[in-house]
Amino acid sequence: MDLADIMTQMPYCRHLGIEVQEAADGHAEGTLTMDDHHSSIPGGGVAHGAVVHGLADTIAGAAVISLHHRPTPTIDIRFDHLAPARGDLDAVADVRKDGSAVAVADVKVKHDGTLVATARGTFKTAGDTDGSAWGGRDDIEDHLDLNLDA
Amino acid sequence: MDLADIMTQMPYCRHLGIEVQEAADGHAEGTLTMDDHHSSIPGGGVAHGAVVHGLADTIAGAAVISLHHRPTPTIDIRFDHLAPARGDLDAVADVRKDGSAVAVADVKVKHDGTLVATARGTFKTAGDTDGSAWGGRDDIEDHLDLNLDA
Amino acid sequence: MDLADIMTQMPYCRHLGIEVQEAADGHAEGTLTMDDHHSSIPGGGVAHGAVVHGLADTIAGAAVISLHHRPTPTIDIRFDHLAPARGDLDAVADVRKDGSAVAVADVKVKHDGTLVATARGTFKTAGDTDGSAWGGRDDIEDHLDLNLDA
Amino acid sequence: MDLADIMTQMPYCRHLGIEVQEAADGHAEGTLTMDDHHSSIPGGGVAHGAVVHGLADTIAGAAVISLHHRPTPTIDIRFDHLAPARGDLDAVADVRKDGSAVAVADVKVKHDGTLVATARGTFKTAGDTDGSAWGGRDDIEDHLDLNLDA
């Protein structure tokens, strides 16, 4: 089972209807099959933004993982929505820059040839991880974290 | 049925387990109940980033809608992941700036008091819409769109 | 005097050494001549990130202005730094999506053929403006603004 | 000479009129004195967005450097403009999350008590550096870099 197959088996991918079709050498491709429960409006036919996020984040992450063969948690990601997501989606991602601490990847999401959204994410490629970009015993104590709520 | 109830009934919110609890005067709050199918790893216990995106985007959008009482599509949104999402999540959003064309809103997502992620989004508040920030007959012809694939 | 010339005469462009060379039909190009005072380190030879921002924001804005022929203030912009800026810079920007309320533009900054940074910005294209994306009498009262300091 | 003094002496800070007043324990503060050449319009009185970027990026970076005592290049940064910059500016930055590979910092820029802009940046805290987030001999070969121009 190759990387694309492994990622397709992730519980959230199966839940969302994502199939990772290719993930190698910093490039990844995948699809999402639209379903009624993806809509943001009852009977809508336009997917909620987070459905697009789910496909984009997954395929961008797959491109990064294909170079590092380890979990590469998303540090930050920006999505730009360019058209309504009216049906099945396909996504293509490429690593733009790959480093010993972080990598940057871009992804484009289309429906039927129309560009629906683009995203650019920064992913962690180094250090221990416990499921986020910040996990692991080598992280400095988060003594400043509470500031955000001040 | 108030705005929070209406949003909770959106198909994708129900699918993802989101409950919008408050949406008024540019402020919104909501929760997401974690489920096994939210995990990015089989048997994982850490939610996929897009689960966090789904809650954050929804609650930030609810804060904007509470001021405009019309669809306010997300134009762009940036997520910063700060800790793994290990269980039920709650989100609080506030409109930071509200204008005749766009609004900016911030949202914080926590699990059990730990800040899991923050996001800042720009939302469209004017013009016709057909489900995205760009829809409607008043938009200029997208003659430049194909450049992105060049 | 065409748009490119007008923009080159902006006080901050002259201060920073920016020349806008082309600005028409949603596309713009320009250059920045590196100077010792652009460095972030004494005797450095690597430009401060904000020098790159200055060129990128200006050329991206020029691309948007070329379609609207009015001020189009930056609402938000994300910069990704990909390599040190070790000398004269050139930038190429394209509007990706143009609408009645906002436009999205991308810009690439290079030094000697090496990609130094990319940026994507969202710009306001509608409504009154008093120098920012939020100005003008048609904006809703910013009664929520103080929250950010809470 | 402490860190704030050292940063104030950076060529670009002196060129832009930035004074770093405090930089310790993940917190930094500074000011920018407005000058005619900061304007985006002849005789304008509203600073170019990149002037705001310069102050914000510098003070956010100072907050990160105060924890690591080494160069911490900006990987990516998002600016949100909230009001025109009509005069002298002051900025306050805090590290939100600090890790062994990257740190996240927020900064607020004000003029006379009005919030002019906010920014959030991700900064590199590990590995060799040659002036950018990607420098150093420990980086993987950038064999994918050319894709961005494809």
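The chains carry the letters A, B, C and D, assigned in the order they are written, with residues numbered from 1 in each.
Criterion: a residue touches a chain if its C-beta (ideal position, glycine included) is under 8 Å from a C-beta of that chain, and two chains touch if they have at least 3 such contacts.
Computed from a prediction, not measured in an experiment: that's the story for all the values here.
Chemist: If you match contact pairs by residue number, which of A-B, B-C or B-D shares over half of them with C-D?
Modeler: More than half of the contact pairs of C-D reappear in A-B.
Chemist: Per the definition at the top, count C-beta pairs in contact and tell me whether A-D or A-C has more.
Modeler: A-D
Chemist: Can you compute the centre-to-centre distance for chain A and chain B, using the mean CA position of each chain? Integer Å is fine.
Modeler: 16
Chemist: In whole angstrom, what separates the CA-based centres of chain A and chain C?
Modeler: Roughly 28 Å, centre to centre.
Chemist: When you check chain B against every other chain, which residues touch at least two of them?
Modeler: If we look for residues of chain B contacting two or more partner chains, we find 75-76, 78, 80, 82, 96-97, 104, 118, 122, 133-134, 145, 148.
Chemist: Which positions of chain B touch chain D when the two form their complex?
Modeler: Touching chain D from chain B are residues 78, 80, 82, 96-97, 104, 118, 120, 122.
Chemist: Would you tell me which residues of chain B are touching chain C in their complex?
Modeler: Touching chain C: residues 26, 67, 75-76, 78, 94-102, 104, 106, 122, 124-127, 133-134, 136, 138-140, 142, 144-145, 147-148 of chain B.
Chemist: Could you pull out which chain D residues touch chain C in their complex?
Modeler: 9-16, 36-42, 44-51, 53-54, 57-58, 61, 73-86, 108, 115, 118, 130-135, 145, 148-149
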